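So that you can tell them apart, the chains are marked A, B, C and D in the order they are listed, and the count of residues begins at 1 in each.
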Amino acid sequence: MDADSLNISCLGPCRIDSPFMKTLAQVNKETSYVTDDDRMLFDCSKNAILSAEDTSNLPAFELAGPREKIYFDPSKTRCAIVTCGGLCPGINDVIRGMVMNLHYRYNVKNIYGIRYGYQGFIPSYGHDVLDLSPDVVKDIHKYGGTMLGTSRGQQDPVEIVDCLERMSISVLFVIGGDGTIRGALKISEEIKRRNLKISVIGIPKTIDNDIMYIDQSFGFETAFSEAVKSISSAHTEALGGMNGIGLVKLMGRQSGFIACFAALAMNDVNFVLIPEVPFRLEGENGFLNSLKKRLERRRHAVIVVAEGAGQDYLNTDKSLTDASGNVLLGDIGLYLKQIIGDYFKRINMEITMKYIDPSYIIRSVPASPQDRVFCLRLAQVAVHAAMAGKTDMIVGRYYNKLVHIPMKLASSGRKRVDPNSDLWLSVLEATGQPMEFK
Amino acid sequence: MDADSLNISCLGPCRIDSPFMKTLAQVNKETSYVTDDDRMLFDCSKNAILSAEDTSNLPAFELAGPREKIYFDPSKTRCAIVTCGGLCPGINDVIRGMVMNLHYRYNVKNIYGIRYGYQGFIPSYGHDVLDLSPDVVKDIHKYGGTMLGTSRGQQDPVEIVDCLERMSISVLFVIGGDGTIRGALKISEEIKRRNLKISVIGIPKTIDNDIMYIDQSFGFETAFSEAVKSISSAHTEALGGMNGIGLVKLMGRQSGFIACFAALAMNDVNFVLIPEVPFRLEGENGFLNSLKKRLERRRHAVIVVAEGAGQDYLNTDKSLTDASGNVLLGDIGLYLKQIIGDYFKRINMEITMKYIDPSYIIRSVPASPQDRVFCLRLAQVAVHAAMAGKTDMIVGRYYNKLVHIPMKLASSGRKRVDPNSDLWLSVLEATGQPMEFK
Amino acid sequence: MDADSLNISCLGPCRIDSPFMKTLAQVNKETSYVTDDDRMLFDCSKNAILSAEDTSNLPAFELAGPREKIYFDPSKTRCAIVTCGGLCPGINDVIRGMVMNLHYRYNVKNIYGIRYGYQGFIPSYGHDVLDLSPDVVKDIHKYGGTMLGTSRGQQDPVEIVDCLERMSISVLFVIGGDGTIRGALKISEEIKRRNLKISVIGIPKTIDNDIMYIDQSFGFETAFSEAVKSISSAHTEALGGMNGIGLVKLMGRQSGFIACFAALAMNDVNFVLIPEVPFRLEGENGFLNSLKKRLERRRHAVIVVAEGAGQDYLNTDKSLTDASGNVLLGDIGLYLKQIIGDYFKRINMEITMKYIDPSYIIRSVPASPQDRVFCLRLAQVAVHAAMAGKTDMIVGRYYNKLVHIPMKLASSGRKRVDPNSDLWLSVLEATGQPMEFK
Amino acid sequence: MDADSLNISCLGPCRIDSPFMKTLAQVNKETSYVTDDDRMLFDCSKNAILSAEDTSNLPAFELAGPREKIYFDPSKTRCAIVTCGGLCPGINDVIRGMVMNLHYRYNVKNIYGIRYGYQGFIPSYGHDVLDLSPDVVKDIHKYGGTMLGTSRGQQDPVEIVDCLERMSISVLFVIGGDGTIRGALKISEEIKRRNLKISVIGIPKTIDNDIMYIDQSFGFETAFSEAVKSISSAHTEALGGMNGIGLVKLMGRQSGFIACFAALAMNDVNFVLIPEVPFRLEGENGFLNSLKKRLERRRHAVIVVAEGAGQDYLNTDKSLTDASGNVLLGDIGLYLKQIIGDYFKRINMEITMKYIDPSYIIRSVPASPQDRVFCLRLAQVAVHAAMAGKTDMIVGRYYNKLVHIPMKLASSGRKRVDPNSDLWLSVLEATGQPMEFK
């Protein structure tokens, strides 16, 4: 990792006294602000230090937190908040936390909620803009979803920046996944092209927990905790039927974290299939035969499959997909359901299978108390960063500390379950499933 | 209603002192048993009395409860319990309650659990039989499902009674829906043909709450309470998207009680579609246009559809079903999802729709505390009835009292939502939906 | 029971067409209103009919429900709602249901919320009055408590009726317990003295479920369901300690229903003490020795005590109460805690005891889905009754039907657990506690 | 921090191939064990590196995880598990995780559960020892508490080591708080005195989250999440009464983390009092006057007080405590309740106050899904450390990584809320309470 690639862009030097820091100074003998020199090592292992050629410039992330001086004059600052992509527990908590921090700590009174994602910037959609104040957001954390509404997909950065200019926005807060972050980078490029002083700050939202360099994303805990309930239902159904099979499809397009954590938290799962670990269906050591053996031994089985698992399989094995039709092609849950049903019919073994797809039930719940606190902290540091003129960055937890991460870096890849990690080994142990289906 | 049709069959006169009543007598000055003359009027309205020609023989159900004398000698009594059909919250509570009552109140020590429904009686399936004792059932109420397993469908009554004879069973407790009850009647006929003294007692299980003459069936409360969570999720998703639609399919093959009660308990539903109230999709006053108007007015909508709603529609409107294929034919949820999608595409109105089918999640939860108490009471009176030699009957709550209901009567029809009832009017009010889609 | 004592007072003849019934008539071929002749027998047993001397005038309650003609002209009707006494789950649901029904079904637009119980009528307190509309009450059922606030105790009926006159109130809805109902009767007397046409309708609120002639009061189910959680905690704590004792005090001033139902729903309770069943502490067959034997046998014990249990005991045994001080005198929970601690110290047996008093946690939760539906129905029929000019009555569920009950009758006594009933016998069985501590 | 003080003691060199690592090697091309050189820097800030005189020996914790070679021969290893102190969510998960890992990954079959804390080692108590196997612990994580039972206080290390010798124990796992850890160190000293080869490994249990050098202790998340419910109840009660006050006492003897996190997660708290921040009651800027002003402004208030808050106050202000008696002296909750009541009586302002003490309800719940996964991981690494012959250490999460921490170091102090930290500032913001009551 190149040390420079961890640096955060800034709109300019910070020369204004932070009203937040002034309040603090009245109370605390020692002020407790963070400086840009306060950094968290990129690699905190002792070996990294021992093997470094030059310990004077190790790569390190800026620590998040309040700065002594800020870039934007609060009385003239206008902020916009937009939420994009699918629902995830905690979005309202982040919105609420940002409004509260802007209003009470920085005295920023002009905060606007953009409706239905990036669409809200585009005049042709005709969406209104919401005025956000403590009164408006006071109770929104008690509900799931996003009070602003959301939409998927990009919009033209030129039109978006036109809108930001029209509204005289100083800070744009973007809550969204990696597609949204990439969209934010394009917005930022257009801002720079026009030489505007608009900060763009991202709060990464991914129910799959797949953002690079981030310990855990907000809402992930709530999500896998909810998933546990569906697994419990699948287990009960599996026990209820002769050779009962409970099949649960969980979220996880490219990363199987929810499936893994849910299986660890609820030890009644017998098979976990994730995108990171390919599996064979047929053959002596294939999944289907393994499932059959499990049923012969225990008369029931619970299977958790992440939605992105076995995708390549779906595309290559044409003979199987022919029968399933279009709908099944991309949906590993329905595909497995059919394949399993066909298999046991073929070998003449009676089963009862129940299929559970809790996706929207999980995405829409309010955040758990721990996620609430986490969202609040993320919101606070996002505001601190914005007021200090930082831009093109996201906030995230790294080695359990809140840090600033350049958008470019964060969107350069995707965090995935490492099949050699203790996480996956724990899953194998908890399920008792074979190391490989091959 | 003919007074005689409410009479309960009995295997013979009760001549044995109930050990349960003896224990009671030690404590209470006044014994508190129930006699067969204690009856609950079939019609408790004052008008029924005023208009009766002969008030000396009004139709009335036997009250359930402990009898002073019993028919079976506890030390020689062997009981069997079987659970049939789909899962429903509370089955384990009923099993547990019967085992506890048989064991502790009547000193019946031989209680057998038949596995996987009526299959468990048929030798060719090779299922084992479980010994049930307080230790075995102690904690089962903490889990959903049925500890005995279940299966759907009938089995040969001859083989079943062969098995009952082989096992020297005196009482068969059947927990199941109306199909199961009809099966129990056939078993009972075979028992009579062989002149055996075996009591057959049913505890009606229907998550749809559709058993005739019964206030409410066990598990129903838990079921609609769980359904409320799915509706809440659908509401959150609907609010999150531009013209957001949350579509929830709930249980209710022929009776829409779950849909109605869930909608009343969670006032964010805008449309409830149930089997009892036909609806038109197309046209000025059709459902689709009404949905469109709702979206134009409020930008989101929540729809709850019972699985049995619109079934005739599905069959008659061939032109629509052609496109949907086999899978969609019987599934009103997926059918509506497609029809709604097509409609808004046709009129060029952008929507976002989320479909939730929580069926197995609801069926598999443990019973709520109130359902637990209800299951316990049902189990107790089922045991009382059985020990008194009653047969061909089910237990149920009628005008809030536990009564004995002849199986024949209970399986003669199906309770359904009355479109003229206050229940349906309350739903109309709570949703604000038009009185009819025509 | 005298048939006349069940009659409901009326302010005058109903001559106005109900707008609600008119809407109905448009939809339903058969109108579905209720007449005052539709009555529910006071005693629905067959024996009651057989033993009646005259079956032409059996005592019977008026059925609740919409009337064809109403007394009050909706456009001129002004309603007031007041909530009194301690919190109980569901109050907000009742308020909400009444406002919705008045507004949408009857077009009554002037609805006022009186704040902090009867205090709200008294000018010297200076409380404001709230305007209640669908918008105001839309979401209140998602929260526990009462949006109007509450207070305990009576206020001067003269001042209250002065206020009703000043506000030109036609209907006063009173949500409260038996003290509140008695207060309402006094208000009604003052109304009559002044010859005013004001209807006073009560919706009985008692978390203890102790109102006469009523199957179950709203909020009771939610309350005992919550209590189950505390019992579960007590059980866990009891298991965790050497000779662990979990002691839970539950609500129930004069009636032990919550304690009984919670113990039945959560079968880990070993002793239930309720006001209706006296108990001795000391002696061979006393509670303390029984507790000791339980600990010797199983090493842990869970005790549930209703707050009104053993009150006479507290007063008579002066020697024990001397040491405990004032606070302990009336509090059976803290008293038992001390007595048990002293006893085991005396006999030199090491125990660990944990005391749980969940009172306010239980009272303040939102209503369960079933209680929500129940509250809605109660609210609707209260409105129907009021608009028909009924007065001095409460609404309640009787033999599972909603009926009108004269206030005088309902407040003439208190429903209590019958020690000879199946309910108490079930509790004895579930706990395994001795029939008596004597 | 001295680098050497972070070193972990070892019973001897590891020469046995780990069966766990062998299984791994079959699957993974690259083995994924951890070596003792894999260390996590004590201070991961970049400044720490820049200011270090010698970067070749920076203080660092050993990373936890499986080692390639182990010290104990699995077939001859006998392990004991003991749980001490108060209940905390997750104890059963830790027990279960250790048994599973020992059994399945290391083939250690002799695992013993010591009952009721350190008492279980002392013959005079006569407690039995439990055999722990996967079958025994399979479902224990579904319940709160500890299946082994617990007790408070120390026992004679000589007797304990006598017992360990008699049982031929190789590894003692101790789950407990800092008192328990100090007890474990004494046991370890006695072990060394006798020159035995017994590893002593601690899994720190503290519901207060107050163990030094540890991000977060297991059960803490579950605990503050449960506390949120009590706060919600207090809020509802406060809203229900005229000048309503909801007063909640939460755990936190010396550290107010639960109070802070619960208040952040549930934004209806107006005052948080913790042990780390002294407060004055009387005076213009005192707590009582501030409470009064809050009531005048908003008519209700919610107060959260950690049990260790204001302890010094209780002792110094003799005049106030005289009236309260012994019970009140140490109990800040009851003390505040009385002081507040007295104050408003004195200034003649009517209030209604509800006091909630949810302690045992919180301590006894099962762990949340996230805490479950955390407990499992802690258990796994505790087993890895033990099998590698490590001793006198605890496992914990540090900078989000699992590490080995010397017992001596961990028990040298206590983690507390820093009044200058962002955590406390967030609490001040969320509550709106003054920075100081002085």
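Quick note on the criterion: contacts are C-beta pairs under 8 Å (C-beta built on N, C-alpha and C of every residue); 3 or more make two chains touch, one makes a residue touch a chain.
Being a predicted model, the structure only gives us computed values, none of them experimental.
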| item | value |
| --- | --- |
| Separation of chain C from chain A in steps, with touching chains one step apart | 2 |
| Remotest chain, chain C as reference, centres from CA atoms | A |
| Distance from the mean Cα position of chain C to that of chain B, given in whole angstrom | 29 |
| Centre-to-centre distance between chain D and chain C (centres being mean Cα positions), rounded to whole Å | 42 |
| Rounded Å distance between chain B and chain D, as computed from the means of their C-alpha atoms | 47 |
| Touching two or more other chains - residue numbers and ranges from chain C | none |
| Chain contact graph, described as a line, ring, star, complete graph or other shape | ring |
| Pairs of chains in contact (touch as defined earlier), listed by label | A-B, A-D, B-C, C-D |
| Interface residues, chain B side, partner chain C - complex | 24, 26-28, 30, 32, 37-41, 44-47, 49-50, 55-56, 58, 60, 63, 65-66, 100-101, 104-105, 138, 141, 215, 221, 224-225, 228, 261-262, 264-267, 368-370, 372-373, 376-377, 380, 397, 399-401, 419-422, 425-426, 429-430, 435-436 |
| Parts of chain B lying in touch with chain A, wherever the complex brings them together | 87, 116, 119, 125, 127, 143-147, 149-151, 229-230, 232-234, 236-237, 239-242, 244, 246, 325, 352, 354-358, 360-361, 363-365 |
